[in-house]
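You will see chain A twice below: alongside chain B first, and alongside chain C after that.
So, the complex of A and B:
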């Protein structure tokens, strides 16, 4: 059974007085431990879909089933409990954290709020989370603004996995990173997926990255699905106009590989 | 090839909490007139500092050592005119700019002949007579008469067009203002040229775009406006600092094509700053690799991409995830 099922989702915004369909009758599913990528040009609805799935905004129509229940109907304690299973990592971790907080505080919060560990136990859990994402436990005392961008994104991932989620929404989560750091973060994400069976909704404008890490891809155009399927097959042979345009626009490094 | 600028032992240090942080540690190279040169590197490599130093945009509190010499011949006769390749359709106004100026030694550079001498010389004289008046504060290490002017001699395109455009000014006025600042033309002519520029950067419906505010334009359209403003005074050198990094892939490819076309048409020298080696390779003829404020290697595209000398360059190439790279899911063995 699929982990997340999105059915006929729609979201309209008002643009200068006239309605504009950011997401239009959209349906897709994600299986456990699967990476589904959403790709498309600016304004295709990628980030709106991320916010809808996270219930940060309300859809105008449609249904979202997560872990077998109607996610949009959940309220109160049931919603809070289910939200622990659905986490997020955004492009800019500095904007996602209180910049004056320490790394320890950032990771302590979800453990406390979701009642995952007792006060006495939490420092040990924080250290374990840091080690899980490849950071030294000594980093816990550092302020968020003092650490590097790559370290911050690892902390964001540590915070996301603190509540043992089954799905993480990654919205351009590696787009702002240096290429060398990006590779390490992608490897960490793949490793976590294998170990913890976490599924990813992987939002990116970069087909090269998608091809490297995603199982399936959904190509979006103006809030609708232009095409979808096996990531490598779609990118190797796109059928839709937007798919062809995205593939043609990807910067190519022409060199003779060893 | 003649060097447009010679950078020698360039050192830049920022002060942070009283401690000097070396952003550039003695970089030296020549930028050839008419070439397209990319500086690539990761965060902290000093690539943007280098661009700002060339443009004279570093704050006065920044410590700078070394030299940036422009091969702008001081002895050239002083004359001024609108380069015809930019505004071929309004040549009658040329005489109004500076009636006493001698006739142009080269009457037609339109068509973008790539000969460096031809490309650079029509504009040489424009500098010498125009270094006064409105010139921005410069780093003191440069002799006054060889100081290039940002906007006039150097066009700069930044990553975020929203922050380089005035949000409460119509874009036509913003471009016309650049033209008025650097060229001696009337507002009416400046607007005519602004419209021509908006056509050149392929903005749909340039007439209404003249009166649009930045927020009414998409990110890609705003970057086109920023490029129009950058080339409005026909600079010799165009610097694009991560100019396409905030744009989606399709728009990025369009802006790359636009910059290539404008640089070829106007015979500009191009400096590209990018973290993306593949993007750099599509825009530039030569690539300079920077790391931690040092120039690791500099070579023709083909050499850098196919036979990098430095291990770091190789690691950057390996980290590039192109559409032909081996998927990471496979590398670790367990694809579904």
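So, the complex of A and C:
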């Protein structure tokens, strides 16, 4: 049974008075421990889909089932509780945290909010989370703005796994990182997936990265699915016009899934 | 404290800070230098200043020590000004944050209330409030706060509107944080700097409003206030002008000091921000 099922999802925005569909009659599913990539040119609706799936914005139509129940039906405290299972990592790890926060606070919040550990136990949990993502536990006391971009994205991943989610949405989560750091973060994500059976909705415009981490890919064009299927097959032999254009625009597609 | 030296870099800011320090010293020293009731009779009535060195600034119409009144008045002015401004900033920040963060109907209702308060001239509002509830220190503070919170509320709301679209607010929602915690713990502290930048203007206005209320006889009757002293002196303005001039000058200097020091702080934080 699939973990997340999105059916006929639609979101319209107003642009200069006339409505246009940012996401149009979109359906896809993600299985447990699977990585589904969303690719498409800028403005094709990738971030909108991420925000819809995370219930940060309301769809105009469609249905989202998550872990076997109607996710759109949840409100208030029930929704907040369920959010433990569905997490997110943003593109810009600096913008994703309160500028006043420390690493410890950022990791303590989800543990506190979901009652995962007692107040006395939380510092130990925070240290364990930091170590799980390959960081030194001593980093906890530092302010978010004091650590490097790569460290910050590791903290973001630690925060996302703090509540033991079954699905993490990553919206261009490695796009802002330089190449060597990007590789390490991708390896961390793959490792976490193997160990904890976390599924990813992996949004990227970089087909090289997608080929390295994704099992399946959905190519978007103006809010609609242009093409979907096995990630390597689609990238090796795109059928749609947008797929061909994306492959042609991609830098050397040399890396394989490790 | 390490920041203090470069908070006051410009000469205006230093002058402002010195005036405020002097004022604070006066307020703190008042009960030590002039123990007992400053409203008690201390000598002959209408003694001019610099005549009797035990009463350096002379006495008023009832023979009260003007210098003692001035010191105790500094206490009232500062206390009321600071308390009222703090209350106004607090109310404004809370209302503005709620309105901006909640949006929709809550925003609509809160902003209409803010409009309503803003259309009534603030001094009339304070005046009406004190005349209805009765003059006491607490009521005067509440009245001034009531007439001054709308500015901070608008500034806070505008700031919150831009902050709430940031990724980190979405991130707080994703981890399941309660909306009230997001509003007041994640958003409000980051919306505060421009709100706090209003504090010097608000403190200055609060001190003036307090003086004006006292001048009209609506201050706390058990406290010496500069406004009350000016009102007292008014009846003998021709024969003993110093009775109005002394507290008047004190008032002007205070407002000036607050304003200059406040501007200095705002400028240096703006500078620090643009540097970083």
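Here is the rule we use: the second predicted complex is superposed on the first by the 252 of 258 C-alpha atoms of A that agree within 3 Å, B and C clash if a C-alpha of one lies under 4 Å from a C-alpha of the other, contacts with A are read in each partner's own complex, and residues count from 1 in each chain.
As a convention for this text, a residue touches a chain if its C-beta (ideal position, glycine included) is under 8 Å from a C-beta of that chain, and two chains touch if they have at least 3 such contacts.
The model shown is predicted, which means the values in this text are computed figures rather than measured ones.
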On chain A, do chain B and chain C fit together or clash when superposed? fit
Just checking: does A:42 make contact with chain B only, chain C only, both, or neither of them? Give me first, second, both or neither. first
Touch check for A:109: first (chain B), second (chain C), both, or neither? second
With both complexes overlaid on chain A, does A:247 touch chain B (first), chain C (second), both or neither? first
Angle at the Cα centre of chain A spanned by the Cα centres of chain C and chain B: state it in steps of 10 degrees. 80
Contacts for A:34 in the overlay, against chain B (first) and chain C (second): which applies, first, second, both or neither? first
Could you figure out whether chain B or chain C reaches more residues of chain A? B
First (chain B), second (chain C), both or neither touched by A:119: neither
After lining up the shared chain so the two structures overlap, which partner does A:215 touch, if you call chain B first and chain C second: first, second, both or neither? first
Touch test for A:235: chain B only (first), chain C only (second), both, or neither? first
Mind working out whether A:180 is in touch with chain B, chain C, both or neither, as first, second, both or neither? first
After superposing the two complexes on chain A, what is the shortest C-alpha distance between chain B and chain C, in Å? 9
Per the contact definition, I'd like the list of chain C residues that touch chain A in the complex. 166-168, 170-178, 186, 189-190
Residue numbers on chain A that touch chain C, as the complex places them: 51, 54, 56, 80-81, 83-84, 86-88, 90, 92, 95-100, 109-110, 113-114, 159, 162-163
Counting only contacts in the complex, chain B reaches chain A at residues 42-43, 218-220, 247-253, 275-279, 281-282, 305-306, 315-317, 319-325, 327-329, 332, 334-336
Complex contacts: residues of chain A adjacent to chain B: 34, 41-43, 148-149, 178-183, 186-187, 190-191, 194, 205-209, 211-213, 215, 232, 235, 245-257
